[in-house]
Amino acid sequence: MLEIVRLALEEDIGAGDITTESCVPAARMARGRFLAREPFILAGTTVLEQLYGRIQLHKRDGEECAESEVFADVEGPARLLLTRERVALNFVQRLSGVATMARRFSDAVAGTDCRVLDTRKTTPGMRMLEKAAAAAGGIVNHRVGLFDAILIKNNHIAAAGGVRQALEDVRSANLPVEIEVRTREELREALENGATHLLLDNLTPAESADWIREIGGRAQVELSGGINLQTVRAYAETGADFVSSGAITHSARAVDISFRLELI
Amino acid sequence: MLEIVRLALEEDIGAGDITTESCVPAARMARGRFLAREPFILAGTTVLEQLYGRIQLHKRDGEECAESEVFADVEGPARLLLTRERVALNFVQRLSGVATMARRFSDAVAGTDCRVLDTRKTTPGMRMLEKAAAAAGGIVNHRVGLFDAILIKNNHIAAAGGVRQALEDVRSANLPVEIEVRTREELREALENGATHLLLDNLTPAESADWIREIGGRAQVELSGGINLQTVRAYAETGADFVSSGAITHSARAVDISFRLELI
Amino acid sequence: MLEIVRLALEEDIGAGDITTESCVPAARMARGRFLAREPFILAGTTVLEQLYGRIQLHKRDGEECAESEVFADVEGPARLLLTRERVALNFVQRLSGVATMARRFSDAVAGTDCRVLDTRKTTPGMRMLEKAAAAAGGIVNHRVGLFDAILIKNNHIAAAGGVRQALEDVRSANLPVEIEVRTREELREALENGATHLLLDNLTPAESADWIREIGGRAQVELSGGINLQTVRAYAETGADFVSSGAITHSARAVDISFRLELI
Amino acid sequence: MLEIVRLALEEDIGAGDITTESCVPAARMARGRFLAREPFILAGTTVLEQLYGRIQLHKRDGEECAESEVFADVEGPARLLLTRERVALNFVQRLSGVATMARRFSDAVAGTDCRVLDTRKTTPGMRMLEKAAAAAGGIVNHRVGLFDAILIKNNHIAAAGGVRQALEDVRSANLPVEIEVRTREELREALENGATHLLLDNLTPAESADWIREIGGRAQVELSGGINLQTVRAYAETGADFVSSGAITHSARAVDISFRLELI
Amino acid sequence: MLEIVRLALEEDIGAGDITTESCVPAARMARGRFLAREPFILAGTTVLEQLYGRIQLHKRDGEECAESEVFADVEGPARLLLTRERVALNFVQRLSGVATMARRFSDAVAGTDCRVLDTRKTTPGMRMLEKAAAAAGGIVNHRVGLFDAILIKNNHIAAAGGVRQALEDVRSANLPVEIEVRTREELREALENGATHLLLDNLTPAESADWIREIGGRAQVELSGGINLQTVRAYAETGADFVSSGAITHSARAVDISFRLELI
Amino acid sequence: MLEIVRLALEEDIGAGDITTESCVPAARMARGRFLAREPFILAGTTVLEQLYGRIQLHKRDGEECAESEVFADVEGPARLLLTRERVALNFVQRLSGVATMARRFSDAVAGTDCRVLDTRKTTPGMRMLEKAAAAAGGIVNHRVGLFDAILIKNNHIAAAGGVRQALEDVRSANLPVEIEVRTREELREALENGATHLLLDNLTPAESADWIREIGGRAQVELSGGINLQTVRAYAETGADFVSSGAITHSARAVDISFRLELI
């Protein structure tokens, strides 16, 4: 079981579900149905499998659920179904919210050459699940964590003593290195010292376009900062290769799902 | 350390922060400053203490931070500060978002006799932290999980075979028992069988007021379903004792905070 | 991350991979290739995704890998690749062994109406992964654990005081109940008291066929005990609905895979 | 939940509290009262909140409880209260013991300019809780672990090849560095190479005073080794800035607390 | 690895041992020696094996170490040895303290027919380790937790509604049941209803002897409450079968051990 | 409790053992007997102690069990015994399989000067348990993980830039360093640069003997690759100091054990 799923169960159930233990006998079997109460992009079904062992999925991650559509059915002990209902919903509602938000971002840049990236601004403990949900929604996953790619941000540059030194420190890498540049001078220094990916943070679309012209294809460009559903199209049309937005994960709204229990 | 904090560190750092290990020597010390980039109610500082060991807090949970205000400073190894920056922000931005949302709900019902409750619709793994953040924002905590109070919902009533039987099943309790009622008939059956707290779900404010008149003080009343910042005042003025809203935790937006590293 | 993956990393890496830390700089990037050294059915690729964040899969779980075929490539920090190599192999070699064994069982009963089931005789900590591997190999998953289905075994019958009483104890269940019967008398008692699934343990194929004739379709039949690749066909031809074998998981041989590191 | 709290519950409850499950129905509610049976300084109430969800505290950490005083009340399911009683007591009795010991050390040096520090000689798994308890008792927390401050002990000096080299190795630090010195020669070498904090271990008070005279304010001084409630005053009067004692955490006696269950 | 050992490592090392990483190269090998600085009964060596992988033990759990005796040697990377030193000592010092205390209790009752029991008043997270240490010291382990034996205490009696009812509730048990009795009336009621083990709490030795005379061998007797090294002999001579004391685990003093690092 | 034991319990029991909870009352006590159904070398009894608290062992790890022999008895609550039966068997069957395989390898080289080593090809999460089982079977434990010894394999040599450089990188080590050599040239380079232990992988016995003659005692030699019960004797007679085989752990067959429940 994913640790985050175990944690969610522990904090909700603790010493036992006293209502269910009082009202429902251990051997009572039942069916539970997951019902969309608004349209959304589904994600998080892997958690349902972990919670219930076996479940019948009518939709898969990344598919759209219509309002009133049943997307999953589970049969099993009624106590199991009732006791894990809230945890199941908390995961799937949140993750489907991320997938739905990702789909909107992806749609917003359709037709440009720019792709949307997610970030590390994910819900604590849910990094892999939210990365998968964002991908199911149609955007591209950026690095998973601090361990799988090099990204030199302004704090690293300061600690290293400048752009040149920071790039020197990672010279042994033979794969692309991304570095954040904040001034035209840092930009030139980065290009002269072998940077292949540049991160430009907190520029306007117009400023971004101007910087990208100067870069002139010598490196790939990612824009970040202030990018939301309203602004993402303008940034995508600057010629950037990527735009990244933390809002996909850190501020997605939970979608509305209900769980119907049927005794059988 | 809270398990959710360990998980968040593991998923972000994994095999190591290769950028920081490449650019920053182990013995370099630094200072980091947490800076509010918009006004919000602070929450989650206990996580900062767990992440850094020692930290200097200028504000406490529940206090308001103004834009550009530094609310915490931490001194320590630069690697520690850099490697844990993202996790620290992910927690505090989210939890302060919950506290800020809770404050808005609390303000919205000011002057009525109705109090706002949170729910179990919390972020997986963050139940206790989000409960504390909501309380710091000024609302009242409902039960923590399935283990610390009895709440008979419609699925339990179905599994037990009716309102009367469900209340019978929990008769040995000598503390208040809350039960969800969905029809006037269930309402009367609940009152006749000793329910002391009633949950009314998905009514309009007008319907709620009508039901509450019938109850006539014979039980405490909680309203839930469709309650958000726009509607909460109307529900609070129905005469209900409590209104509860999952939006406080499941759809709060992360507030904007930056982390400034200073070499010293 | 799955807890079992975290555990495997912790026990292998502990205080650090001293060889790799001594020989390989933090910023060195590399490519690793997973190469089949014998033909097998692939399983466990979800673990590779958890270990490396991003990986390029050329085959999916349940597909056959030929000898010398590269089924996955991963690019990233050389330290990450080297340090997690053994853990990655330990998982994929074992899980592909399970999938390969499951495929052999499945092939052995092809053309009969009998289906092969796995059991709870799985490697500690790997229940879900081995269930998925067995399914990828083509057999049917039995219950996941003690929580998701009722199976009354001889020890339960003894503790309950007989077949009749045990079936009475689970009467509130409205879904099928499986019960182990060890004598003809228990068989009749089970059928008279509503059992819908019968487990016959440690019979010969001839005995099984005889019992199944007496049951005459009044209940579904599962055979277990002494079922291996040599005997499974004979058991499948008795008219049983299911045969189950712990050997699929508890005694599968690890397949041979090598990991080639290429500096790039 | 803190991991150490989860562990304590798991090891005590395991497969279930068979006495309570046999004697007490799931829906029975009750009140539990925590009663001091001797005077002490309270600590560890955060664990009570984690164990019970909601609890009414009449005293806070760091406050003194008189004999026979009730410092906390909790209402909830009787099973919850009974099953978690022993774990709750094991934490609060131990942590209050630490706070009480810390208060005695703090009182013993009152009026001097010397402050008492705790150490890393804490109970496994309880570092943060014991640090908080010691602070509640009135002493100053030393570093939390190996990660948040540099302290060069004699084994590091040996491994580095001498005082000079060890201080050279941490030169990039721009914050104070503490180093243990065991001879006058090491002392001089440390002062000449920029040490700002010195640790003197296992000296008598008279020896300590003599060394401190030689140091003459060029560095801060911490004394450790052989410091207990009987000797701490003498060490505090040597002119040292700090004295540290492992006894505060590794040998504190559990205070006497009882838990009274009242059915309501 | 035991979870408590992992926790202890995590809380001490956190983001890394910055002193050791700065002063000691990854490939430096060394030898560490564990040296008794006072006489004690050894316990906890299983933790040393978990921390270091391989270790050479000169003494085993339950054996006595003399002052200045080296009881264990470990060879390995110097970083490993230094970074895990404090955690190793925290465990072995505490557990040997428990074993030493247990030996004193055991010696104190030598020659009587009474045996000393430990309790569930153990350090959170260390139940199994402390039980093993107490047994190594020579006393008898009481139940491990709430799950492996029935012990009806006064709170259970209250919740069940009296001694008779509580014993009725556990009637299906066919093994001995222990029950706490607090009055002569409860004593008689317990004996009449089949109790085979009685717990008498907080009596003086004289009172205990008087109760035991009345019991007259009809049940086994355990005395608890107020039993320490000074009083245990008097209680043991009352004719009781067992005396139990929480002091063995909750108030044992850590013994003094040092760790000597030798470069080789 | 070992984390792997907790995981195994969680995945098997999950929300509860619904069959046992339905058929067996909480206070029913019972005895369980572990019975060998084939001859094997016992291992894993430490897990039984963790699962049951107290258990009576008639054999110890490393001893041989005859067919039909009872090697352990446990008394306790029937629910506990039934619910943990499968997990107990899964551990002991697997670990005894490892011990039995290790004994066969050990017997196969009897009379030679060569010793058998295990590897890191262990079941995820069971490293320490399988190392102990292998040792109980009579073979020698190789390093536990990446943290406790240096072993330079061909991927490290590639990343370091050659044998000479790799040995240079670990020069600060003062203990033996093992290095894998794949050509005669690498062999000579390793010997010239101070290697004291050589790993020869995937040679035939004849080739191995030839290389070992060239080495002529200047370093210790370990052979690996293609070593199984059929070939191990031939490799052991080449003059090698050690042969290592992953098959001891990664492909051991579970031995046959049954658990008999007796109501008492």
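A, B, C, D, E and F label the chains in the order they appear, each numbered from 1.
Keep this in mind: contacts are C-beta pairs under 8 Å (C-beta built on N, C-alpha and C of every residue); 3 or more make two chains touch, one makes a residue touch a chain.
Treat the numbers as computed from the prediction; the structure is a model and nothing was measured.
Asks: Compare the CA centroid of chain F with every other chain's and tell me the farthest one.
Replies: So the farthest one, by centre of C-alpha atoms, is B.
Asks: Could you work out which pair in C-F, C-E or A-F copies the interface of A-B, where over half of the contact pairs coincide by residue number?
Replies: The A-B interface is reproduced by C-F.
Asks: Counting in whole Å, what is the centre-to-centre distance of chain A and chain D, each centre being its mean C-alpha position?
Replies: Result: the chain centres lie 40 Å from each other.
Asks: In angstrom, rounded to a whole number, how far apart do the mean CA points of chain D and chain E lie?
Replies: Spacing between the chain centres: roughly 22 Å.
Asks: I'd like to verify one number: the distance from the centre of chain E to the centre of chain F, where each centre is the average of its C-alpha atoms, in whole angstrom.
Replies: It comes to 31 Å between the two C-alpha centres.
Asks: Can you tell me which residues of chain D touch two or more of the remaining chains?
Replies: Expected reply: 1, 3, 6, 11, 14-16, 18, 22, 25, 27-28, 30, 53, 77, 80, 83, 128, 144-145, 147-150, 169-170, 263.
Asks: Using the definition of touching given at the top, classify the network of chains in this structure as line, ring, star, complete or other.
Replies: Basically it's none of the tidy shapes, so other.
Asks: Which pairs of chains touch one another in this structure?
Replies: A-B, A-C, A-D, A-F, B-C, B-D, B-E, C-E, C-F, D-E, D-F, E-F
Asks: In the complex, go through chain A and note every residue touching chain F.
Replies: It is residues 1, 6, 25-27, 53, 77, 79-80, 83-84 of chain A that touch chain F.
Asks: Under the definition above, what is the set of chain C residues touching chain E in their complex?
Replies: Result: residues 10-11, 14-16, 18, 21-22 of chain C touch chain E.
Asks: Which residues, counting only chain A, touch chain B once they are in their complex?
Replies: 3-5, 7-8, 11-20, 22-24, 28, 30, 78, 82-83, 85-87, 89-91, 93-94, 120-128, 144-153, 155-156, 158-160, 166, 169-170, 246, 250-251, 253-254, 259, 261, 263
Asks: Touching residues of chain C toward chain A in the complex: what are they?
Replies: 1-3, 6, 25, 27-30, 49-50, 52-54, 75-77, 80, 128, 141, 143-145, 147-150, 169-175, 263-264
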